[in-house]
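The data blocks that follow each hold one structure.
The following pair of complexes shares a single chain, subunit A, combined with subunit B in the former and subunit C in the latter.
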Partner chain A sequence: MTEKGPNTIIGRFRSIAENSHEYAKSLKKKGQLLAGYMCTHVPEEILYAAGIVPVRILSSHESQAMTRGYIHETYCSFSHDCAYQTLKGNFDYLDLIVTSSSCIHMGEAFNTSVRFAGFQEKSYLIQYPHIIHTKPAGEFMTESFRQFKEFIEKFIGTPITDEKIEKAIKVYNTNRRLLKRLWEFLGSDKPPVTGPEVAAVTLASQMMDKQECNEMLEQLIKKLEAEPGKAPSEVRLMVTGGACDDLGIFDLIENLSYSTSLIFIDSCTAARYFWFEIPEDKPDKLKALAEGYISKIPCPAKDNVPGTGEKKRFRFIQQFIEDFKPDGTIFLYQRFCSPQPMDVVALKPVFDKLGIPSIELELDTTIPITQFRTQLDAFIEIIKGVHLE
Partner chain B sequence: MSKHASANKELDWKKAKVIAAGVDVGAVTSKALILLDGQPYASSQVATRMPKESAFDAINGALSKTGLKLEDIHYIVATGCGRAQVLFAHKAISEIVCGAAGAVHIWGPSVHTVLDAGGESCKVIHCTGKGKATSFLWNDKCAAGIGRSMEVFAGLVKKDLTEIGSIALQCDQFPKLSDFCAVYAQSEILDLIRTNVTEEQAIAAYHHAMARRIGTLVARSGIKKEFVIIGGLAKNPGITNQLEGILRVSRLAPKAEWDPVLTTALGAALYADSFYRRQQSGATAAGRK
Partner chain C sequence: MAYNITTWKDIKNYQTACYRGYLFASEGLRCMGSTWSPLAPLKGLGEDIHLIGGEPHSASAAGTFPEETRENIIAAETAGLGFHSCSYLKLFVGEVVRDKIGITDGTIKEGFPKPDVIWTTHLCSQHSKWYQEVSRRMGGVPLYAIDMVGGGNAEKDPKIVNYVSNQIEAGIDWLERVTGREFNDELFAKAVRNEIKVLVLWGNICALNMHSPAPLDERRLIALFPPAVVDRTTDESVQLYETLFKEVKKMVETGESVAPDQRFRIVYFGIAHTYGHPEMARILRDVGAEIVASVYTFGTCGNFKGIVNGEWTWEPIDPQWVDELDLSTRRKAITELAKIVLGWPTWQGVRSYWALESMARAMVAEYKADGLLLAPSRSCETDFRNGYIAMQRIFKDKIPTIEYDTDQVDVRKMDLPGAQRKTELFVQLMEAHKKGGGDK
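Let's look at the complex of A and B:
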């Protein structure tokens, strides 16, 4: 591995992201316990401390009609697709599935998997407070994580010690720091890596054994630090929105009729997955986990500061704008998702005020490439100020 | 092959300094428009089949009335959803930017909102008085409110697409349908026809539902006056009248000398003219050095 260049390592990450079942099954063959998780509010550290590798359940982008009998039509295609995969048996190798009470669409995907895909006896729903920016929310989460830990202890038949949780916290924090370092390359004038490459690495990290992932990330970062970097593109684009595991859309953003680069993705499948840390060496490990997960860039489904209506995520976004300097923003969300487009209503004026143009694109099971290309080309033409003379 | 082709016999292309063309390959129709020193000279419209072939058919249709050859055209800009497949174009630009430029050229600098109601999509474009697009909003994936769904509906009620809008104007009392989905609306229409409404009422009801659907898009985007409608549905009075009522805004009246379907091709041709002139002045400036 040390002899290989950054492209080889990125290729390996992309291959894991695109063939996640194959990767997970290779772990399974080695005797590894695997837990599928459906939401990034799941404290993976507890699973990892128990010797279980958390594997994110993501979609397949296959057009299908199987789930219409289980989940209402107006639930997002991402939730339909995830449920489809469990129903089809694509995740039969999992020992357990877990989610948290956050997105109601993914909640239904979870319920469908539990009731109809054979996960009845091997599933857990972590209770999460509806509004997380409050003191009681922290206490609630600590207690909820305690119950989850007890469930996992019963599941594996062994207690999970504080030492093991602390070790897991450190492995996960290392992973977060490495991913953050990787994304920071995109903020530089001559990034040695592209947005779609970073998106693929981040997606792969969500299904990998974190120690293996960290080793690969360390090598990749070392290689990238030695790279001269590529000439800057004419237009820098930022994406903000909901879950998107379709790497094709990110490839499209960098392959338009104009010179563009994808420089940041604020979504739960990208930066929101890792852009936080758990306080280390705290006496109460579960309280530390609760504190860390509260400090995450919030999901729009959870993001309300009581009494003010303020959105905490917007503060992060403003910081990302300052650090990554986008020329334009793409609001990218799943069709039928409610919290994401509701946030757009409030977020668009923030971008308008900063003079950053924006565009909305709705995701579905498959992407209408030609139409998206036209919309994005037009968006770039507007940013570039194409006009008659 | 050409559905429509025409040429201005008062102009002589041999005297023109700049011959520019725009080719708009849309989902339903492909259009070509040729300018001689910025003056409209020839145009054509053909049904889109395969984008590559339809682009050739459209430009050949326009050329057929003129004696011009493709190689005589100094600069060609392609636009529309099939723009990348116009192999003979010098440059491709999106229909958003071309639609705004064409609309302002036709109606003048007071235009700031353009509704492009085409075969495959509906777009609301905001622009400056110089025709520079500043923002746009595209319809969502649902087919409601776009030309293709109107074609399907015309087939359903066995009417010609060119007459259906006028029929919709014949009655002002009609049941209200769902505007959520073109398919649902058509199912509701079939249900109404089986009960007690007249054919005219059913057609008016469908137009009203589609106009509400388009109106939602326009309202979301916001109207900055003046407002114009381009694209195929601009020729359907059943839609445009209902839309004006729903939005409580009058559009600028269509220009008799301009087919609104050609607006985006005109914008592309204007860009072709502009790019060629820039190219020439750049070459001249370089020559001076």
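Let's look at the complex of A and C:
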């Protein structure tokens, strides 16, 4: 076996993240069934147990106007971009597309794909609770997962056994643990890996066959554990927000006029994707899946604890602050996202109280790098207490 | 000659009395939340419950106080809410930020009364977040949101009915805990029957518009359904809608209408838009065109037979069916309530495009439409654009169909001149179509 250095492995991950269609098509060439999923609330384990590799449908960052005829312009650019890709035929190699009832914007991207991009006969919408913190929600999810499993069984023409689901749960849990280990490096004094690198690996993992991904992650972590690490940067920055698959913004955060480190990303394309586990070896596999998915860091669209109205995600964020010790926070979300800014309004006072400055950046199809750089440089000056003469 | 609805004044007075109750009550419980919630559980807490619902309050406040509305929306944006966010939400939060509230009788009260509980639903990505924000700004009001995972034929899906029922049942326990009041099942069952009755009666009133001439026009429909949204659980509300139903039935028998000149019958899909709607109505009325059916005015607070044999119908439910419902236990009452609420047409379209299309086909056929007017709202994310695109495709060879963008209460987001020109074009298309030579 060829010796692989961390940069080479990371390079491979980044290449998959940036060329996901090529990667998926290479699997397809080998006869692999592929299912595109539009939301991280889809229980990938059921697909994987059926021998189907789940591939996350993400955006292309191409400027386009095609979707304006299908989706309101006041829907986020991420949903537009995902719908654009299916309309354009970029995902024609998929055998199936799946989503769960989550945010309305991505629901619209799914509807557009189903109705107008030829996925009418090969799609499935998982009924998923919008408020996930209740006992009835758990029961509802279990039943929804059962219906989804039955659909997939019909689709592949074979029953999905408990053994196969258990195996998939273990593969996915391993993946989650490995990703978590990777992210934990960023909390150390001398991280041997950077935030943008970790973001790229995490993004790639959402499109990969998890067995292959796990093997690469194990090699990477082994190498990183042997690395001496780098001296800490002056300013540690945390990102919290919504889906962001544009790695350019993370690169920018570490390439400002000042020495900065990206040390954590709370988003559904980063930590919220994997920061949970499914209970293993439980007699009812679907109930175990529901239990696991309920324990996820909640998506803002689903975060409302009945009785108090509490946003449970804030508890996780406070824990991340404690563990990763950011000097500043960037609220990063898609322009026109509905739930994210509603959370920012409530979250900002939490950061203020902790003395952690914050800034809001809205993402669009393409990133205005120059403007963002100016804004972020100014933000770092605020954090560092730099005063212009 | 145009007919004047005699029940009108009583209905509007009822609506105002509900709001005044919330504003000025010195006793009892104040309850806030989406009126897209099952309301009867709140009435199990006693006979002194004062309600304020977000959407109808915002809609009526916008109609009553246009200038205040703009100030409220701007106040909410200044407080951090996005330009694109739901404008009902922003108007409401803006009132909380400015700490003043205006109601339908023209009263503006300084000091937005803090609710004792927030009882609401969650459906779109902003629905329950609206009240999370209000709760936070008011210092932490106890909040319970019911997840309405409906869509399609949700009310006939035991899994969904059971899920919503379980949440309501747990919510009743919660209401007892946070208010310290004992839940009265008798009051609850009575409120459930009233709530269902009003929803069914409104469905029956709307269905009378299948007749020609349609007895009611959109302007009257928009004004007559909000009291049912505000509080549909009382004996008084049932009596009002029974009286209105009798009156409108009589109108049909005598061939009368509030807008008798109906050369063109229009079906409307979209939320009522406070600023533009009267302008469009004037253009239509000038040529004898009337909106006779609208999924918003019919379906926000009304029930119909819904999906029967896989296809939607706007046929009404026999009101007598309500009298015969078995509500003898709390669970039975909850289940019937969950089913009726899940059966609202507005839910169906939000989560299910095929139901939306089926509703549109049925409405155009059953109300014998000459034209289809589509007016998606720019700040309501459940007002799906691709649903409207699909409707245009479905009807392009059948009847004239026009779409213009609106916003429910934010005048800044509406292209009023453009919408007017499109409406004028729509009228001409219907005219040409009627003569047999129009390009649809």
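Criterion: the second predicted complex is superposed on the first by the 385 of 389 C-alpha atoms of A that agree within 3 Å, B and C clash if a C-alpha of one lies under 4 Å from a C-alpha of the other, contacts with A are read in each partner's own complex, and residues count from 1 in each chain.
Operating definition for what follows: a residue touches a chain if its C-beta (ideal position, glycine included) is under 8 Å from a C-beta of that chain, and two chains touch if they have at least 3 such contacts.
Model, not experiment: these values are computed from the prediction.
By the touch criterion defined above, A:307 lies against subunit C but remains apart from subunit B after alignment on the C-alpha atoms of chain A. Comparing subunit C and subunit B on the residues of subunit A they touch gives the larger count to C. Of the two partner chains placed by superposition, only subunit B is touched by A:374; subunit C is not. Contact with subunit C, but none with subunit B, is seen for A:136 once the two complexes are overlaid on the shared chain.
Of the two partner chains placed around the shared chain by superposition, subunit B is the only one that A:357 touches, whereas subunit C remains out of contact.
After overlaying the two complexes on the shared chain, residue contacts for A:385 are found with subunit B alone; subunit C is out of touch.
Contacts of A:20 after superposition: neither subunit B nor subunit C is touched. Of the two partner chains placed around the shared chain by superposition, neither subunit B nor subunit C is touched by A:79. On subunit A, the surface touched by subunit B in one complex and the surface touched by subunit C in the other have no residue in common.
Note for the complex: subunit C touches subunit A at residues 79-82, 84-86, 118, 122-126, 128-129, 131-133, 135-136, 141-149, 151, 159-160, 163, 166-167, 170-171, 174, 178, 351, 353, 376, 378-379, 381-387, 389-390. On the side of subunit A, the complex with subunit B involves touching residues 257, 335, 357, 360, 362, 364, 368, 370-371, 373-375, 377-378, 381-382, 385-389. On the subunit A side of its complex with subunit C, the touching residues are 69-72, 74-75, 101, 103-105, 107-108, 111-112, 115-116, 127-131, 134-137, 139-140, 143-144, 300-301, 304, 306-309, 311, 336, 338-339, 341-346, 348. Within the complex formed with subunit A, the subunit B residues making contact are 81, 83-84, 92-97, 101, 120-121, 130-138, 140-141, 270-271, 274, 277-278.
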